[in-house]
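These are the structures in question, set out in turn.
Presented sequentially are two complexes of chain A, the first with chain B as partner and the second with chain C.
Right, the complex of A and B next:
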């Protein structure tokens, strides 16, 4: 009986972990072929390859940051940013994601959320609605916030400057 | 007799499964009909087999969207064939109708397949597919070349 209970607990935990990933995955999946959206997706395989490349011109800490990433996805559109912002927020399980930063202005709305176990951050999620559009961005891997913000700055991703100096509570 | 029939049947099914061509091969086969029968007029269709160790086969397809009204559908069919053949996506970028994707699939005996699809807003596009034995350095070169193309 104890064994069955243990297996059942593991199964439920695993299912809930995957279910959360699916919620964001489904949001990406829903709009991945929608021509209103710009989509960027980098798979774990690509990151594995990038970690093996001998980069002489890239700083070693940046290379280390990239080597610890598993996937990177961006979904953005200029159409009805507020509507997509609200839809994205409703799909996120607040028990799984910890809110890191909220920036709210007259026309801009940025949310940074993390999925973590102990001190290890597994996912950094940015949901942003500004006057010029909506952006959902997800970094998955072993994440160092400071280094990710530098990487994002190098990539010139709007909104990621808000992540600078972010610290977990 | 019954003891022989069962292994024979299993062998036949296995052979039939091996003989099945991939979805991508079926996609190429539609271009092997005569020009009058084919509804698509590719600007370039190149199918080459090599005896070298590095690359064993190369397929290249270029379709001009302005000359071919069904070009968009062709590229969508091509993407479906890649999915059906379980190609794994390395990265993809799409803006509007324009898109670029790099994919690969592991085969037997370290034989790998790499595919790259670049489609513009007017449904003109380029697709190439390589079969061969690729090292990490080879893949890095392909990826770097694509990034350079994308930034241009």
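Right, the complex of A and C next:
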């Protein structure tokens, strides 16, 4: 019995090490090289390097959230946002990705999906479409949704809007 | 003379003081004597030792166990099987591996070779480090220093956070 448990543990650790591939890589891999798309990615290696940063000035919620992330990737385009939004919804495997929040606004649609086992969320995926673009954003790691939603509250909303605009320029 | 020795040995034999060697000597001596050739006081022991000797040769005949069990009331000896943990754990390991592989195989052809061959910097803001595909993720870095990477992640987290709150607000308002 002990031996079985040991084997199971090893197997699960091994598989979870393999299962780091995010939704972007798995369902939108072909667009990563598409010139219409912009990709921003931060690899697990870079996340490990972040431990060397001076964290003194970083808010603790952010620090804790980032320290549990393994990888991050954004795929975005300004071409036919609505088409890609629909494509995203059909491509993503619903058996694995559970819909968390859906917002259908006048100008923008977005959905949050999570990949989880039990109470542990391994990936948070945001699919957003507005008039000016389509964005897929994926955070892989040990995700704490409450902490993430607190981040914006901690921050000056105006400052954040500026960031948002700067990003979309 | 010999008779005196044997009698002395017998004496001690009945007092259970003889050694194994001495008992063997006694048995051997009696077996060498022809029946009826002994003194009357030794004669009965000849038969006795012969009997001991015979009895050691007795082994259970064929079907002995079955007969006993039948007598006791159990029709057939139940096979006692040792549970083979080795086999079971091997099977479990194979199963886990199979399930793992099944779950991990992407449902469509993976973009592996393409993204691995991707040249960082072609579409990225920063030049990025040389493509170092980590075994599973194949995520190439956009930024080549952790500060920039953190800033980008922080920015993205804030956007996500903001949208999450927006979504939750809508849900609670409904």
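Keep this in mind: the second predicted complex is superposed on the first by the 118 of 169 C-alpha atoms of A that agree within 3 Å, B and C clash if a C-alpha of one lies under 4 Å from a C-alpha of the other, contacts with A are read in each partner's own complex, and residues count from 1 in each chain.
The rule we apply is simple: contacts are C-beta pairs under 8 Å (C-beta built on N, C-alpha and C of every residue); 3 or more make two chains touch, one makes a residue touch a chain.
Values in this document were obtained by computation on a predicted structure and should not be read as measured data.
*Asks:* Please indicate which partner A:88 is in contact with in the superposed arrangement: first for chain B, second for chain C, both, or neither.
*Replies:* Touch partners of A:88: none, neither chain B nor chain C.
*Asks:* Let me test your reading of the model: by the given contact rule, A:103 touches which partner, first (chain B), second (chain C), both or neither?
*Replies:* The second partner, chain C, only.
*Asks:* State whether A:121 touches chain B only (first), chain C only (second), both chains, or neither.
*Replies:* Neither chain B nor chain C is touched by A:121.
*Asks:* Is A:65 contacted by the first partner chain B, the second partner chain C, both or neither?
*Replies:* second
*Asks:* After lining up the shared chain so the two structures overlap, which partner does A:129 touch, if you call chain B first and chain C second: first, second, both or neither?
*Replies:* A:129 contacts neither chain B nor chain C.
*Asks:* Taking the superposition on A as described, I'd like to know which of chain B and chain C A:113 touches: first, second, both or neither.
*Replies:* The answer is neither, since A:113 touches no partner chain.
*Asks:* When the two structures are overlaid on chain A, which partner does A:39 contact: first (chain B), second (chain C), both, or neither?
*Replies:* A:39 contacts both chain B and chain C.
*Asks:* Look at the residues of chain A and decide whether chain B or chain C touches more of them.
*Replies:* More residues of chain A are touched by C.
*Asks:* Does any part of chain A touch chain B in one structure and chain C in the other, and if so which residues?
*Replies:* Touching chain B in the first complex and chain C in the second, residues 32, 35, 37-43, 45-46, 49, 52-53 of chain A appear in both lists.
*Asks:* Going by the contact rule set out above, which residues of chain B touch chain A in the complex?
*Replies:* These residues of chain B touch chain A: 88-97, 102, 104, 136, 139-140, 143.
*Asks:* In the complex formed with chain C, which residues of chain A make contact?
*Replies:* Touching chain C from chain A are residues 1, 3-4, 7-8, 11-12, 14-15, 17-22, 25-27, 29-30, 32-33, 35, 37-47, 49-50, 52-53, 58, 62, 65-66, 69-74, 93, 101-103, 110, 112, 124, 126, 128, 137, 139-140, 145, 148-153, 155, 157, 160, 163-164, 167.
*Asks:* Taking the complex as given, what residues does chain A use to touch chain B?
*Replies:* 32, 35, 37-43, 45-46, 49, 52-53
*Asks:* Across the complex, what residues on chain C touch chain A?
*Replies:* 85, 88-89, 92-93, 96-97, 100, 103-104, 106-108, 110-112, 114-115, 118, 123-125, 132, 134-143, 146-147, 149-150, 152-168, 170-171
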